[in-house]
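Every chain is named by a letter (A, B, C and D) in the order it is written, and numbering of its residues begins at 1.
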Amino acid sequence: MSVLPFLDVALALLIVGLAVWTIAARVLFASVVGYVAYGLLLALVWVRLYAPDVALTEAAVGSGVTGVLLITAGKRLGAARAGEAGPAPGLAQKLFAGALALLVAGALAAVILILPDPAPSLAPQAAAAADGPGAGLGNPITAVLISYRSFDTMLEKVVLILAVLGVWSVGADKAWGAAPAPLGQRNPYGASVFLAQMLAPVGAVIGVHIFWVGADAPGGAFQGGALLAAMWMIAMMARITEPPRIDARRLRLALVAGPAVFLIAGLAGPLMAGSFFAFPHAFAKPIILFIEAFMLLSIAVALPALVAGPPSGRSE
Amino acid sequence: MIALVDLFSLAAIGAGVFFFFAGTVGLLRFPDSLTRLHALAKADNLGLGLVALGLLPRADTALAALKLIVIWALVLLSGASTAQLIGRALRRGRK
Amino acid sequence: MSPWVLAGLVGAALVGLGLYGLILHPHPLRKLLAFNLIGSGVFLVFGIVARRGAAAGFSFDPIPQAMVITGIVVAFAASALAVALILRLHAESGRVTLDPEAWTKPDDGAAKS
Amino acid sequence: MMAPDPTTPGGSLLVLAILLPCAGIILSFVLGGRNAERVALGLTPFGFALACAIAFHVASAGKPVVYALGGLAPPLGIALRADGVSAVMLVAAAVILTAASFYARAKFATPEGAPESRIALTFWIMLQAIWAALTIIFVGGDLFNLYVALELLTFAAVPLVCIDGRPETLAAALRYLLFALFGSISYLLGVALFYGAYGTLDIPLLAQKVQSTPIVWMAAALMTGGLLAKTALFPLHLWLPPAHANAPAAASAVLSGLVVKGSFFLTLRLWFYVLPALPAAGAANILGALGSAAIIVGSVLALRQARLKLLIAYSTVAQIGYLFLVFPLAMGAHVWSDIGWSAGVMQILAHAFAKAAMFLSAGLLAEALGHDQIARLGGAARALPMTFLTLGLGGLSLMGLPPSGGFSAKWLMLQASVASGQWVWTLPVLAGGLLAAGYVYRILTPALSEGDIVLKAPPKRSREAIALGLALIALALGFAPQGFFDLLEIGRPLAAGTLR
């Protein structure tokens, strides 16, 4: 009898507990903090589900970068008066919501328990295709993301551009083109400057490493890019560097680099391998790494841009 | 020899776990934020350091061992900095 | 109980909790947190589907896992857009209520629903 | 092991039709300033030509056009598939988006030498994004790929709602975003369950495999619920009127005419293409009942609005209700289900054109008068005859008076209800028509009455002509020949009782 099942149950209880806290906490900021802790623990569940790639993404994006975003927002809104969001829900509403939530959760749990056995899987097809279009990649997730379902991935990068533009577009008209407000305080503490100076270079190296090994081991452009983004954000919070102006040509080029290169490679598919978004067998790995390198850049720039928010007319 | 290495690992990890446990108790029982912070820093720095030390002989390759040390160093760095930051924020909040 | 069953039950619980919060909380940021809870519950369902599909020498089915990675990034982008809207709304009006009636202007007349 | 490549001739057109607006987004974003408008307008003829070429291929081949991306057949790869309905929707979307683009030039143009402006860049990029997203929704053959398209649509539509930055539009956009996110995540949960049950997300492959099991019902319920929230079907309609009424006119036309149809189209795909094998009469009746309630509630609320744009927005809530009558009237393989199917698609098209025309006219009217209060429209029809002609013609189609696409749709719905013995569905169709007559009358009566009107600025003839053109298309749909309805049947799994 191993100790793992007990750890699993403890982890599950802790996660559900934190989720309850996130929903039930009275104070907005407490709820935000609960959610960030929850996200970190969730990454452990992904490790237990044999999903190290997802665990890395969840830890970096789902918990880390989202955490910065939510905590910043929570801090700004937390100071506001209570009750400004509208009246608290009545008992009937609570009962209705509770019943609906119970119904959905119960039905979902029941359905999950009767998922068919043996489970259907595309793993055999993915393994077989590895000799074809996805040649030379040891990490099947990267093969799915950049080869078999590359179309989804390209579109998702377009979604990121739209999200950045959407965030910028809620700014004021007269601020358009300017830089977003700085992420940190005017006079950052020595400790945060120290942290940024020490951590950012190491983190950037690790980020590039995670991207580079992503072809064959857990990791890839998403995870590496998120780490690079986090390092840039740490540097911005310490005011070592500032968010760039949103009309800077270099920023915009970096943001579209991933989807643009992906789109061009997809369009070149018929010439290279007879089909859109297909890669020639012999060069699949270098082409995929080439595309991923630009995606790494786009992700590393897009995530901080999303956190930094709309352009601000404020100058310090 | 192997038994000796195992014993070393066991002792180091056990000590590490003790510090984590003590740190957690401190987090839950200490009266104010600064002392709780103090307890946490002990757990992070010493506890994790001892666990990493205990795992070192069990690493398959030199690279894996290096990664263990790097992890500890990174946690040390971020733990120390955030403790500073939280402490500073607390002091400012009190004024 | 195997880990995937447990993760599945956690996923179902998270979806339920998130749904409750999404319907009930009047504050948009709390709604956003609730949406993120539902999101991670849904991703966990993908995760157990992937884990159950272990075959052909893989300990997981890579397709659903890749979908989760896409999903996490999209969910973050959505959160960022929502936060930008909430902060801007707060800065412009000092309120964050979503109640349509609160935003009805006098000259909208009978525009009540 | 590997399935053969299902790609058909003309399949590459589908990929190009999607990649064209994507490339436009990227170019507009990098070049910025005036170039965003140039790229968006410059690509419209190509987008339109691609849509027509796809429709031509489908019609001449008599079967769906398919493309397997990366040369990988489903289930591992993603396939794009355009059937009769996709082809028609692609062309309709191309026409309305092109019209909206040229109409919007007056408001969103960047003058020579002026710096890049927030609203212009946002508008032109988001318009192209809506084009890209709708194209994928109409031709996507993979449920997860369609999820990404749904998100693309959300991220494009929300910033358009709050483009003018007033607090009430920000609140409307935020509410819309939260509903849309709930819709997407609920849809995604259904996708996860389908994958867990059958190991594929390709629509035809799933259709062969699905059986009436609890997992399938749960997945169908979750996906439908999510899509209903995005389509704003009663009782999940609360977000729509403020969002659509507060956007600039060109955006409102696209949001009301096309964007809500995107999620409705996926609801059709789900029930008619993924789940045709399910005994779904009960589900169809529930959807029909919600649709009927939407018709009544939406129309009654439209009657009570004081502002023209809000009235038109509530009319959208009602007209969406009609769409859902397609479920009880076309589900299953009966002799009458072809009629119900034609009725449903005709209603999508007629409403898309009529509503786009009406929102564009309402925008012209608000710009010319400086307000859109219905009570203060006295004499406006004489000052703005062409605008009110467009509003009247659009209203004709909404009411369902001949000759119009709206009339054809409602007439076919009545035929299908009678032929199938489901008399009960005739009631909402007829009642909705009467109520629509009521709210259209409410717009036209004060406008036709005496009154002094001071125009702030007369609207441009060309913009009035664009709106009128759309209204005329809505009327022309009433004369659609039989060949058009045959086109709609191409690729429908259970057309007239035979598996095609």
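In this section, a contact is a pair of C-beta atoms (placed from the backbone, for glycine too) under 8 Å apart; a residue touches a chain by one contact, two chains touch by 3 or more.
Here the structure is a predicted model, which is why all the values come from computation and not from measurement.
Interface comparison, C-D versus A-D: the higher number of contacting C-beta pairs is recorded for A-D. Here the CA centre of chain B is 57 Å from the CA centre of chain D.
Centroid to centroid, with C-alpha atoms defining each point, chain C and chain D lie 25 Å apart. Centre-to-centre separation between chain A and chain D, using Cα means, comes to 31 Å.
Chain geometry summary: the mean Cα position of chain A and that of chain B are 28 Å apart. In chain B, no residue touches at least two other chains.
Chain D has residues 76, 144, 148, 151, 155, 158-159, 162, 165, 170, 189, 193, 195-196, 199 in contact with two or more other chains. Across the assembly, chain A contributes 108, 112, 115, 119-122, 124, 126, 148-149, 152, 156, 159, 163, 166, 170-171 as residues in contact with two or more other chains. Annotation, chain-chain contacts: A-B, A-C, A-D, C-D (touch as defined at the top). Across the complex, chain A meets chain B through its residues 189-192, 194-195, 198-199, 202. Touching chain C in their complex are the following residues of chain D: 76, 144, 148, 151, 154-155, 158-159, 162, 165-168, 170-175, 177-178, 181-182, 185, 188-189, 192-193, 195-196, 199, 238, 241-242, 301, 304-307, 310, 373, 375. For chain C in complex with chain A, the touching residues are 1, 3-21, 23-30, 32-34, 36-37, 40, 43-45, 47-63, 65-70, 72-81, 83-88, 90, 94-99, 102. On chain A, the positions that touch chain D within their shared complex are 107-108, 110-112, 114-116, 119-122, 124-126, 128-129, 132-133, 147-152, 154-156, 158-159, 161-163, 165-166, 168-173, 176-177, 247, 249, 252-253, 255-256, 259-260, 263, 266-267, 269-270, 273-279.
Contact residues on chain C toward chain D in their complex (touch as defined above): 15, 22, 28, 31-32, 35, 38-39, 42, 45-46, 48-49, 52-53, 61, 63-64, 67, 70-71, 74-75, 77-78, 81-82, 85-86, 88-89, 92-93, 95, 97-98, 100, 102-103, 105, 107-113.
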